[in-house]
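Shared between the two complexes below is chain A, which pairs with chain B and chain C, respectively.
Moving on to the complex of A and B:
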């Protein structure tokens, strides 16, 4: 019996980790700046390629993954400085600008790198409970998702940067008047967001085929999670991911991946009818 | 009724504009007499996409709803036409398949639009919800390779796409080549003029008022949601018309014409052209399609990189669109010569009022 229970938890953890890791970066950028980064998938792709490149050079997997997340974060800061910065007053245009960027990056990668790169294979290791065998790496991914949430909690709730960042989020003009360097806060937040996207790519790189268009595999999940999660990562994205993961897990198990994805989309469309501001606003309102 | 062809919501009025319009139309009608049939077929191919661009222009430029889902409805009608044409048999029934498939796309737009608009989704989220739906349809169709995925005798065929449907046919006459080209020209003229009348009519004024300020429009007693839904259904239906015509033109459709990067293309055309005017969108989209096709012959990726760069350049340098900007310069210069400054000011005021 406990094996069945664990099996259900394992499937839930798998989907939950995927949703959290792919959505966290997008949610931070949206929550801080009200910008949806359409090149989010390309930062994920960047993380995956850097990881595989480094591993093929002989760097240990975990270090390669950390470096990949760092690279994506630094590129994100650069992109914020060159492009996104100009569009904070025009959120729809920021959507278009980052989409243009996404097209440029994906298609250039297809031109330069070609369609497929040699993968590195999922780290071995599995364990058995009852009659079932489980992959250890999938549990590692779940652990990483929880760690990302915990890390974000610490950064945004317990550090000086977090206080200033939340102040900027609430009222940028007032924060600036009080001496916060909002420009820098935005740049760092965007960097954290893209760094988390890079981390997502790095963590999933061993489990999938590397193609320049792989970002598209993640964007639907990250979009729908942010749509119903709203602007708050901890109070919105996390419960949204729990909720969507339960729907997805149930449908995946009985009807397969694609029906799971369709079911998730339908659920999101039904939810926005009753809760247009997202889960976080409802939860935040309750909390007050 | 024809008075509505000109009005505050559309650029271009007076004898000069309509003479130019007729001259271009006459040139388009005469074109197959001079060109070989391959080029005519290619031109017909560019014209297919114009409907989708005009639909997005209506939704985004006039209605203020940025839909990323044009290829979703393109795909629904495109696959719909294929399935219906195969199931209903060829012949004149294909005309019915075309009409039904466009209706199907509008129905889907009505359902999706109801949930989004009545849920109060707007701005950025409108874009990403429509894009999510688009990508999910593309993923779904991509995995329908197996023989179990069929509707009647029509196989969906996964990534390889659906084929084997008849093109549009009347009796024994296949509408192909120049005939298809003339059908396209006729449809574009009808749609273009009808949209001009729509946006200059009372309904159009409410649509624009909703874009400017939904709350104010609501306070004036309009149920803005109904107008938004109407705009969304018409705009998406035009994307559906593009899709059905596309399937009929090439007798195939694949999921790649729905997913990324295809979904970005209408956005690039309309943004580059100038979303706030139908004529600018018509002209700009045609030019871009023509240019894109020329480069695609050498490298599709390079053409798409260029489209991405164009989109980025448009929002950074000319957020209102390049074609519209140039058109406005010419019009301003012309009116300036005639010392009709009042009209220029009014026009400029109208075009600047949508900074939001």
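Moving on to the complex of A and C:
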């Protein structure tokens, strides 16, 4: 019996981690900054490829993953400076620009690195409870997802940067008038967002096949989570992930992956219909 | 009306034939146009790349040795990027605008079924170069890959005998996965085995923690893994990490997806497959072929069976055209109907079956060890693609243009 209970928790944790890790970066870039970043998946791919590349050079996995997230973050700052900066007042054009970027990046990776890269294998081990065996690494992923949420809370709620960043997102002109260097705030926020995307790729790299289009498998889930979460990263994305993870886990377990995926998307449609501003609008209003 | 058209074609073919032999001396004939549709970007690029390479290698070799009927080959490759709508668009473009003499390609069965109605409206021959779930009875299509009677009727009884009667199936959720699972159900039933679970996975899904537990709950003796694409292949890594540790069988792993080269050992340990080609074949003919391939494409990770079949397709086309002395489908089919459509391939001699226009293959059962070494477990010799003929498909008499499955058989007339 305890095996069944643990199994349910494990499956929930697994889907939750996937949703949070793939959506956290987008929650900042799209949820807070309002940039429809179609290249989100490519930042995830970047994190995965850098991780595998470094591990193949002999760098220990955890350090490789941290460096990969950092790389994606720095590239994000660069992309913000060169491309995204020009589109803050034209969100639909930013969709087009980042989509173009995404196409250029996937095709370049295909041409430069090739169509498939050899994986590095999942670390840690496995453990058994009852008749089931579980991969320890999946629990590490869950731990990382919780840590990412905690980290975001600290950065955006407890630091001076966080206060200025939230002020900038709410009213950039006013923040600027009060002396905030909004340009830099935008660049850093975008960098944090893409860095988190890179972290997602870095963490999932050992468990997946690496191909240039691998980001696509994360993109639907991440957009869906952010859209139903709404503008607030902590009060939106996290509850959205909990909610979607429960639906998906229950349906996956009883009816298989197809129904799990359909059920999750149906739930999303219903939520957007009832709460067009996302979960966070309701939760934030309650909180006041 | 039909016979009139046929007669016209025969005459035209004969004229073309004479024209070709006349101008072989003059060597001023326009090249033969070969239309090729293979994904070299998108989710299946890693499989499609060897197909493009195989075609390029064959074209280069044939052109160097004088072409087909003295005519050079011009390869027109378009990349449909794994998108079925693009397959149709590019198929129309090659057939109607470029007026290719032959169309080759397609990776998934979905892309093939998207193309087939378009090909059927023309008189252009179409070569499908993958192993697949079988059953297509269509005069326009020549299938170069292996089919279930060559792959499943060999593999499944062997797996049942070796590992046990309970199987769990993970399959990609489209026609290939669904029909292959149907084949498995039929063969398992005949063997008195039990399918303890079947899970169909949408393409693009990459997370399998729940699937792994569903499998452990069902307690199968072995797994049939017919999951497709890079995302779904993540199953192997995740199952290994969770220490699932079950024997696996498949019709597409190793020789097609070269998972044993893409994943870190021992993720593919204990995988079994029946194949007409895998790069580890070490006969002299195969070794010679591999040497030529790697000389032209030194970075190739693995010569997969699709790439190998794509290579063979051009030699089969050359043989058919030269024996028919014509590039017309009708004339080529007369060569097939006479049972003369054979080539000496790197795997050995392969022939096209007149009734179904599918190819005979020498099948071997291979297994993968903990260090991802590939071992031949059993050599079945040459197996004919007999199933379509047995259930009543006879393209020498009637063009059904249909795809049959164990639950969708031709109507008895």
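Please note the rule applied: the second predicted complex is superposed on the first by the 286 of 288 C-alpha atoms of A that agree within 3 Å, B and C clash if a C-alpha of one lies under 4 Å from a C-alpha of the other, contacts with A are read in each partner's own complex, and residues count from 1 in each chain.
Rule of thumb we're sticking to: a residue touches a chain if its C-beta (ideal position, glycine included) is under 8 Å from a C-beta of that chain, and two chains touch if they have at least 3 such contacts.
Since the model is a prediction, treat every value here as computed from it, not as a measurement.
J.: For the overlay on chain A, clash or fit between chain B and chain C?
T.: They clash.
J.: In the overlaid three-chain picture, which partner chain does A:153 touch, first (chain B) or second (chain C), both, or neither?
T.: Touch status of A:153: no partner.
J.: Contacts for A:107 in the overlay, against chain B (first) and chain C (second): which applies, first, second, both or neither?
T.: both
J.: For A:133, select first, second, both or neither according to whether it touches chain B, chain C, the two together, or no partner.
T.: second
J.: Which partner does A:216 reach: the first (chain B), the second (chain C), both, or neither?
T.: So A:216 meets both chain B and chain C here.
J.: Touching A:261 in the superposition: chain B (first), chain C (second), both, neither?
T.: A:261: touches chain B and chain C.
J.: On the A-aligned overlay, A:88 touches which partner chain: chain B = first, chain C = second, or both, or neither?
T.: neither
J.: Does the superposition put A:14 against chain B (first), chain C (second), both, or neither?
T.: After superposition on chain A, A:14 lies in contact with chain C alone.
J.: Which of the stretches 76-84, 220-228, 346-354 or 364-372 of chain C runs into chain B once the two complexes are superposed on chain A?
T.: 76-84
J.: Does any part of chain A touch chain B in one structure and chain C in the other, and if so which residues?
T.: 106-107, 110, 213, 216, 258, 261
J.: Can you name the residues of chain C that touch chain A in the complex?
T.: Touching chain A: residues 40-43, 45-46, 48-49, 173, 199-202, 204-207, 209-211, 213-214, 216-217, 219, 230-231, 233-234, 237-238, 240-245, 261-264, 267, 299, 301 of chain C.
J.: Which residues of chain A touch chain B in the complex?
T.: Result: residues 34, 36, 83, 86-87, 90-93, 95-97, 99-104, 106-108, 110-111, 213, 216, 219-220, 223-224, 226-227, 258, 261-262, 265, 268-270, 272-276 of chain A touch chain B.
J.: Inside the complex, what are the residues of chain B that reach chain A?
T.: 66, 112, 115-116, 118-121, 123-125, 127-129, 131-133, 135-136, 139-140, 143, 259-261, 264, 267-268, 271, 299, 301-302, 304-305, 307-316, 319
J.: Touching residues of chain A toward chain C in the complex: what are they?
T.: Residue positions touching the partner: 7, 10-11, 14-15, 18, 106-107, 110, 114-122, 124-126, 128, 131-135, 137-138, 206-209, 211-214, 216-217, 249, 252-253, 256-258, 260-261.
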